[in-house]
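Shared chain: chain A. Partners: chain B in the first complex, chain C in the second.
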Partner chain A sequence: MEVSTALLVNAIIAGLLLGGFYAAVSVGVSISFGMLDVVNIAHPAFIILGSYIAYIVNDRFGFDPIVVSLVLSPLFFLLGMALYRIYYLCFEKRGQESLRGLAFFFGILFITEVALVLIFGVDYRMVSTRYGDVTWRAGEIDFPMRLVVPFLVSVAMVIGVQLVLTHTFFGRAVLAVAQDQLALRLMGVNPVRVKELAFGLSIATAGVAGAFLIVIQPVEPAIGRHYIGLAFAVCVLGGMGSIWGTLLGAFVLGIAESFTSTFFGPSWAPAVSFGLLLATLAFKPSGLLGR
Partner chain B sequence: MSNKAFAAVAFVVALALAAASQLITNEYFFTAGYTVLLFVILATAWNILGGYTGYVNFGSAAFFAIGAYTTVALYNAFHAPLPVAIVSGTLVAGLAGLGLGYLTLRLRGVFFAIASLALAVVLYVFVVNWDFVGGARGAYILQPREVPFGMPRYIHLIYSVQLLMAAFALVVARAVEHSTLGRGLAAIRDDELAAECSGVPTLRLKIFSAMMSCALMGMAGTTFPYYLSYVEPSSAFSLSYAVNSIAMPLIGGMMSWIGPLIGAVLLGTVQQLVQVTVSSAWNLLIVGALLVLFVTLAPNGIMGWVEAWRRRKGH
Partner chain C sequence: MLGRSFPPVFARALGALAIAFGLTCAAFAQQPLKIGFGMSLTGPLAGNGKAALIAMEIWRDDVNAKGGILGRKVDFVYYDDQTSPATVPGIYTKLLDVDKVDLVVSGYGTNVIAPAMPIAMQRNLCFMTLFGLNVNSKFKYDRYFQIMPAGPDPAIGWSQGFFEAAMSLNPKPRTVAIVGADAEYPAMALEGARAHIKRLGLKVVYDKTYPPNTVDYSPIVRAIQATNPEIVFVASYPPDSAGMVRAANEVGLKTRIFGGGLVGPQFAALKTQLGPLLNGVVNYEFYVPDLNKKFPFLEQFLAKYQARAAKEGVDPLGFYLPPYAYAMMQVVEQAIKATGGLDQAKLAEYIHKSEFDTFVGKVRFAANGEWASSRVMMTQYTGISGNDVEQFKKPGHVTVLYPTEYKTGSVKAPYHENRK
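The block that comes next holds the complex of A and B.
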């Protein structure tokens, strides 16, 4: 097969745009898993929940899904806080987080998926936006707006999270929780409270990522589980707890998947994240930008 | 009871049950019984790594599907008979478990959990793209016309084989539990660092128990293509296997071989009833809800209640 430059550039651009979306999917896991040591494998369930809420509002009132998700993100924030409270009381406090905590989140993931199936069925749902069918063309290179808009908002959101973490009192407290909880206690800060707020932030990003997802492609309840491996792969590849690493890892994965789709067929793309995850775990467990 | 005596009792009970069931005329009993026994094997297998060692495997469906698709591949290649398929499927799944364990068990437990989950996705993609075993369309397997041992239908044979395999899984689980290996695994579960410092070869034990656990899951899958004489990727990789094989030991109790058995028989039967009377989506919701309820409110499962009740009676 002859590889043209246009095909190559298109694959890179598509990969970068996809990577921007993956960053939004993974930034929440980077906070909960990388910084708080809470292995929330139910994260994709909240992404799908975000997709469906965006879908309902878009379907009824025609509002833009991404705007809806940003407006409703405080709700996801509260949901995340409540979920962490339960997790803390039932598992972290009793020292049972490793096995039972994981099983708990797995159960939450499963319940959300089945509940969505019971309410909405297994049909694919999609939203209508003004930019959904628009594609910019620069020469032979395509910029589909349904990928560009989520990309821009997503990168802005990830940079925003990084700025909050490094430039506010709350953010620095979160980074401190990741390093040394006892020291934080000695400074008179309650680590549980900090973790609760940070977990809320993590779930809030999931809700917004859900709106991106349904703008990019039609959604059905079961597709969430494909993003579990992906989010953790990005998080580990980038380096645990590093937001810049997550952004970089997301771009690497996006480009790798885009090349796989272009040269081997799209049905192989879901295997890429697992390959990268295993390779990272086997050869460089600290990740690209890990400490 | 010694392990040998237990093995003898388990196989005699399994054979007696298989023989007694032949008197039942209702075909549905064998279909439902097969499914419950399948869950008994999966839950027992999961518990060998999850319950004894504390490492969570989310990829039960992947190893189950490895077993099922080994049968399909051998059938398509040279119409391999069922015993050959069972042995090969068990070995292949065991090797997959060994590989996954070797790569990820030296890291923190959570990485093994995530890798096992991701493995299910990748193997699914692989099978969908593999035309030799039917790809996304699925594959047909013809049940042999002649059923051995004078049984009236092939499902009777599959059911009886599943009974024997369940007995085998229980014997293995109990033997692991009552051996030096089992004590090493318990030490890892309680405090891995302390175990390592006391000279327990933690990595080797973990990899070995992962291999056995995954091999048994593969064994459970080998009969699956013959059960419906048709198999397709999304039924073989169904997430319900993963959820059930975690929920059943957690609900039954993870500390000994009897917990997963109780959990699987109880939850498996309830699911069969709900599936017939209500719907299969509700049935999955119930499993998920029970898992979350038990794990938050009764972390030691049904056997935990029994223990507490015994202790209270003792004093």
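The block that comes next holds the complex of A and C.
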């Protein structure tokens, strides 16, 4: 295979676009797992739920799935708050969050999947958008809008989350929860309430990521499981609790996958991506931007 | 006379025994004939699994409406295998040991048929299976039968039509790229493609596989494009089929013939979702509306199936798997009736030596349990506009290129010109 400049640039752009999507999938895990220490294995289930809600509204009313997901994100936020409240009362408050909490989230994952199967059936679903089949070309460089639009919204969302976390009282309280809950209590802030809100934010990002997913590829109820490993890998690679790290980690994995697929063979892509993760952890155990 | 030869008490006891035996026989005759199987009702292949189940239930209802088989109503005992091979041995053990089914058939697909084979072989069962690709090549089990029309050498038969269509181009192509998912079916399909490539003396410029959970396929298609192949053969499952077709359109893949082994475009979901993006793709099908006169009984089955499928949210067309799921049960039915029972050896022997009249035509099995001759139709999608499902119910959008007896047109090349 002849390695041309166009092939190289296309591989980088494809990797960045893919990384943008990976960032949207992972930013919620970065909040819940990285900051709140809640191992939310069910995160992909909420991504798929977001996909199906975007699908219904798109199918019945023709609205753009990404716009729908942004409009409905407050509902996902409330859902996340309610879920955390249950988790807190049943497990965290009793100090049983480690194993039983994990089982709880596994249960949520399977219940969501089965509910979607019962309601929608098992066929693959996909949405139609104005930009879905459009590819913008600059010479030999391709920009498929199916990936560009989710990329742009995802990067905006991640930057938005970072700004909320660093420039608001709530955000600083979330960062404080991640560091020292006792100190936060001494400052007169209820860490449970802060975690509840932060978990809501995490689930809201999952709903939006679900809309990206169904724009990019067909979706069926069990497809979310593919993203469990990826979301946690991005989170760990970037650095636990670091939103910029999550963005960087997602880009690194996206570009690694795209490069490997283009130049060495796609079957090597997971090995290279996870090899990078292992190498990073060996030389910088806190992740790329972790403290 | 009986009354004189035996004391009255013995005569009465014998009479009671005879009545009890008669009642037992009558009760046995009324017991349903239980057919057990695992089926993918959740997981990645659940769309196909549910469609197959609907077809099998239509068969069961049809048979029961006519009084059942050998006077016994047919009953199904089935469990969801979750499209996971790991669940299959447990399901079949339970069906045989706990549910005490009279007969087992397989669920849908290679991945769940292969793990059921050791159990079928241990118990010497006659095992009728649904759409496994070349499963028996390793097991070589003489009571295995498979209803997909891939022919006696399925890996070869699968892509035969694709390479015949490619080599009908003028000038003949010389270079080929092959790509598929890292999974059982694509591995088999690629193996067959490599055999054709060797036979035809083509030069392989790209031969790679990809992980099934790949999100973006454009780097793969760009890498293929960089090798300038004249033929691109793809073996993929539904999500990656959609990804590959989209990527081919986004990248603007320039090649003479593209497709071959894409699973997915046979179903309404992908047909409607991809719509015009399918134009020019050459791919396999097992039934197209242009051939409705050749399969006169299929229309009535499809009418029943489509009515149920619409309610249950599965493939509303039902051209691919459901007719064959029904035909599989027709073979089982005819074999039980002809042998007069459920003796597994007699059933297998009968299926081997007989020809079966089914909704998908006459079926005869080869020694390895596959169809005696291949009937994989290689087709080309053409003239698709918009994403309306109704257009796919009418003739005119799928040209049959191979086999010759079903041919409705010739391949249009190059692929990228058809895409416009």
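The criterion applied here is as follows: the second predicted complex is superposed on the first by the 269 of 291 C-alpha atoms of A that agree within 3 Å, B and C clash if a C-alpha of one lies under 4 Å from a C-alpha of the other, contacts with A are read in each partner's own complex, and residues count from 1 in each chain.
To be clear about the criterion, a residue touches a chain if its C-beta (ideal position, glycine included) is under 8 Å from a C-beta of that chain, and two chains touch if they have at least 3 such contacts.
Since we're looking at a predicted model, the values are computed, not measured.
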Which partner does A:S267 reach: the first (chain B), the second (chain C), both, or neither? both
Per the contact definition in the header, classify A:A14: touching chain B only (first), chain C only (second), both, or neither. second
Of the partners chain B and chain C, which touch A:T129 in the superposed model: first, second, both, neither? neither
Is A:I216 in contact with chain B, with chain C, with both, or with neither (first, second, both, neither)? second
Once chain A of both complexes is superposed, is A:S4 in touch with chain B (first), chain C (second), both, or neither? second
Considering only the touch criterion stated at the top, classify A:I228 as touching first (chain B), second (chain C), both, or neither. first
Could you tell me if A:A103 is touching chain B, chain C, both of them or neither one (first, second, both, neither)? first
Is A:G275 in contact with chain B, with chain C, with both, or with neither (first, second, both, neither)? first
Quick check on the superposed pair: does A:T205 touch chain B, chain C, both, or neither? Answer first, second, both or neither. neither
So which bits of chain A does chain B touch that chain C touches too? 113-114, 117, 222, 226, 265, 267, 270
Residue set of chain C touching chain A in the complex reads 41-44, 46-47, 49-50, 83, 182, 206, 208-211, 213-216, 218-220, 222-223, 226-227, 238-239, 242-243, 246, 249-252, 264, 267, 269-270, 273, 277, 312-315, 387
What residues on chain B touch chain A, complex-wise? 50, 54, 56, 58, 103-104, 107, 109-111, 113-115, 117-119, 121-122, 124-126, 128-129, 239, 242-243, 246-247, 250, 281-282, 284-285, 287-289, 291-292, 295-296, 299
Which stretch or stretches of chain A touch chain C in the complex? 1-4, 7, 10-11, 14-15, 17-18, 21, 113-114, 117, 120-126, 128, 133, 135, 137, 142, 144, 146-147, 216-218, 220-223, 226, 257-259, 261-263, 265-267, 269-270
Going by the contact rule set out above, which residues of chain A touch chain B in the complex? 33, 39, 41, 86, 90, 94, 96, 98-100, 102-104, 106-108, 110-111, 113-115, 117-118, 222, 225-226, 228-229, 232-233, 236, 265, 267-268, 270-271, 273-275, 277-278, 281-282, 285
